[in-house]
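Consider the two complexes below, in which chain A is the common component and chain B and chain C are the respective partners.
So, the complex of A and B:
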């Protein structure tokens, strides 16, 4: 799922300075699970912003709250129609996709991001999230024992560990496992070390021209290259 | 005689590390190299070593070459994509620089511009492949070149890495991708190095053992804690600690290591770490003069 962190309160307060009526919109999917922007966080943030405003001696600001099931889905965005008519800005606690979906759906409304969208990952334990997938569009986990070298190696290398690995850790951070040592150990366990002997040519970055689009209407699912249907 | 010829003839080779300045003042690096003229085979010029922004490796290689000193152009994948890397390799060849040491490169977070975008479009193995492909008259996209370079390619290996097995697998890949010689991370333990060479021997590629001049016991302990693949044994730390004259002790330790390593490998690569003036003494004390066995 998508992992994000809430922005610092003072940054949000600065973004909101020009507006007096603000709708805080949470998201019921990834942001709820990673604790950055679900219904509970919307409520906490509402109170925190109110207190911050009072301490700074500013004019009281009107805050409305609403948490959608998914911000990245046009079907749910329609539910905001009445609420947005009452405000002059939206503070979205959705991921970057959610913020942009609201902006696209309500062209006249300023939309501000309340979280920094970080990565695609999972929880190690509550409050500790680890990146697992770079969404590179060219999955090679079959060759690497189910451990992603693009994500888990800080240099995203394809052909084995660099000389910067020390006691199985990465040169960029002694707390971080060396992805290639993990891959080596796993392939050894699976009796598949021949996969590490193979040469893997440089990545094809044409598989990820930004922005990417996948269409299942023409060319079949997963087609991301070439001209798109109108 | 070039590095390629010396190694193919089975001569014991000495190379020295040369570090470009942070700025345009190249005189110091050129003076250091001049002092070693005739004593070492080639100068291995670092590419933004430890991710610290400096004058380019190719510029210093060119200046050395112009003075009749043989350079080894270090190229890392940290800062350039495949277009720029291939282009710089062609530029090197056009300037007469044909020895290339291909590395992945340290992560940008280790250096003085930690917020820079790390590139790593290629890695050390695919960089070797790219250089080899250029030497065969084509670029990585398969397009034909107008004028073909002829590189002598090297790569690095870390014999003291833990675990060492994946390093050996990668060394094998580098040899298959075109590496004609290997240079190692600093070696301080001849016994462990001998075991590594046993494992590396089937590749049949010459190996230059890395020698770092120890400056103090503190530096040795620092490297043990922080530098991957480097382990200075307590005995050597003890020698540095007890030394009244640290420079003489450093020469003695390095020369002792070189004498122990010489039967095990095909050459040494000296990293003087600012004590370049001691290199002639080290070579003399270890019985290596004029880059050959004395």
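So, the complex of A and C:
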């Protein structure tokens, strides 16, 4: 799941300064789960911005709030149509995808990001999130005992560990586990230690063209062979 | 650094505020109460120190709460789920506290006569009194006919004064007459036809079950053998029958206990109770049996009465070993071991093996097993049109609270009958079912039941003083806080909003939310302790408490406080969210608030854990210069509430810092080490933020 954190309030206040009517849009999927932009955060931010406004004085600003099930599908964004007609800008608490989706759907409307989209990860415990996947598009987890060397190793090394590992911890931080020691232990448990001996050639990141696109249907977009949805 | 109060925010659709339906489940205590009293509600109000409001709830569901407060057999306590943790909540004692605290207040004796149909009630026991009460409330002219010179039926003649002081009963009867109920004592009704001829359109027959069953053994008619009902009646009407030194009471029920304990109070030295059942099988309530033993009544369990000896006066009774009381099907069918016998000598023998109704033949009512009147269980209608029956005459000997409930039911059914309506069955709504799981029980704080003080057994034997005293304020409030608030916990009200983020699973102090097989989050209502932590943390705001009051309470109270502050125009405006539970909301700690100076406005909340971070921001947004939250910490009946309070306060402080508000303007106070410390801390806080404010105003003025 996508993990993000809310931007500092003063940064948001600066972004919003030119606009007097703002719609705060939350997202009911990943941003709700990671606590950065669900309905509660939308409301909290709304109140916080009003406090900031009251504190700064000046023209009162109008905030509206709405939380969509998901911001990253244009059909959901249609539900905002009437609401955006009343505002000068949208502050999206969706991930980067959500912000761009809104921008794409409402070409005339300034859209501001309310969160810093950070990584793909999972909860460690209540309110603590860890990165687990770099979305590199070239998954090697079968060889590394289900532990991702790109995200779990500070250096993202494909052939580890490096010389900076000490007592199972990383030289970058004594608090942090060495990803490659974790991989070793796990392979040991699985009786697959021979995988440690293999050499993985470096990945050529230049071969990944951006923006990436995945087509799961038969026949690419715009092509006529294969079934087409009505 | 004074805030310009923001204009009020536009209304935002919020979880729960739109739909205010009460979604709480009927708790087991209420389901067990024949009167269906909203026990959870009034216990909760006592816990908040809102005793008169508790009394209002009690009075709205019970015609004679002060009687129940003394003699109720409290089936509610038998079902109380707190017993799965330690012991049941002392519900009856709490009711007594509320009733005695309130006294005459909230008694409504106004009753307007809006119907012309007169109703006659035969018998002035609890069922008759309750029926009269509700019929008067419904606007009917009511007459009670009572064969005896005094009103109250078994409450007067049967229940000993140490259990129900007569002043209490007199007061309730007096209220009944003030309502306009006509009571004709010394008037035995011999024929119902006569009542119809006199113009009564409906009759409620509630003649009770006052005829003692006979033992059926030789010697039963000897002088010195008396039945318990006659004996208790004599004593209760002020006679002092001389019993001699040794008394034997036959029977193991509550009436037998009453007779035995009364005999002790009349000066008998040795009182034996003989009953067929084993001690743990005795039909009398455990409390009563225990109290009797404490006072010195000797129990002879597992014995049946044989022949009663004596020539001109009873001298003793032979007892036969009882092997079993019930047959394989659970029916009463005692078997004896004739070879094992014993002899108890006595000067008086009191029989208390049950009573049956004695309905006059001329009533021409169909009777059934045990001479009880046969009625339709839904309408209480008898075989004769316009004649209804209830109370012990229908059920056989039962409890006062059941009689009251039947009286109330009869009143409504008689109303239906007279108004030609089809009776509408009551729909109580879904019940809370199921026990607490061990893992829930483990987390719940143990606070043993606090019994009200009782007289020492020696003192009790000296007379007919009430045995039980009433709680003092602190004891009552502490006892009421033990209630688990069954059935009013949290639920995922907006399932479509739930993102299955599992926050509720992770924050619940009681490990209640869980995933079902399909991977949906469920909050089992029978485990939820209604602490409200998940409600305040759910990022989708999909969770709400089942009681509408709980859902909107903080918002509403905040609004009240701000309105009051706006009217008073006092600055600085300091808002304090304060727990209302326990001693915190009431007099022990009220001093904290009383000392609060002008400018401090209290927002009462039902647990500090129900104050959400948004509420704190809102308080600042709407003009609060400083805000504090005070939780009852070590006194709290729920787990981890202060942890969540501090967590939210910390978060809001960080936010405040980001917008340039001094974070010190928000503070959490948690009770630890007595109220005094808290008061001092609070004073210091008010002083400091007040001072900040003044300094700021002066600086601004100087800069102008």
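Note that in this section the second predicted complex is superposed on the first by the 213 of 230 C-alpha atoms of A that agree within 3 Å, B and C clash if a C-alpha of one lies under 4 Å from a C-alpha of the other, contacts with A are read in each partner's own complex, and residues count from 1 in each chain.
Everything below uses one rule, namely that a contact is a pair of C-beta atoms (placed from the backbone, for glycine too) under 8 Å apart; a residue touches a chain by one contact, two chains touch by 3 or more.
This structure is a prediction, so every number in the text was calculated from the model and none was measured.
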item: Chain B versus chain C as contact partner of A:154, first or second or both or neither; value: first
item: Partner chain(s) touched by A:197 [first = chain B, second = chain C, both, neither]; value: first
item: Chain B versus chain C as contact partner of A:180, first or second or both or neither; value: first
item: Partner chain(s) touched by A:167 [first = chain B, second = chain C, both, neither]; value: first
item: Touching partner for A:126 - first (chain B), second (chain C), both, neither; value: second
item: Touching residues (chain side chain C, partner chain A) in the complex; value: 1, 3-7, 9-10, 12, 14-15, 497, 499-503, 506-507, 538-541, 613-614, 617-618, 620-621, 623, 655-656, 658-661
item: Contact set on chain A toward chain B in their complex; value: 154-168, 171-173, 180-181, 184, 193, 196-197, 199-203, 205
item: Chain A residues within the chain C interface of the complex; value: 8-10, 13, 28-29, 32-35, 38-41, 43-44, 46-48, 50-57, 60, 62-65, 67, 123, 125-126
item: Chain B residues touching chain A - in the complex, by the definition given at the top; value: 78, 82, 104, 106-107, 109-110, 118, 120-126, 129, 140, 156-158, 161-163, 165-167, 169-170, 172-173, 176-177, 185, 227-229
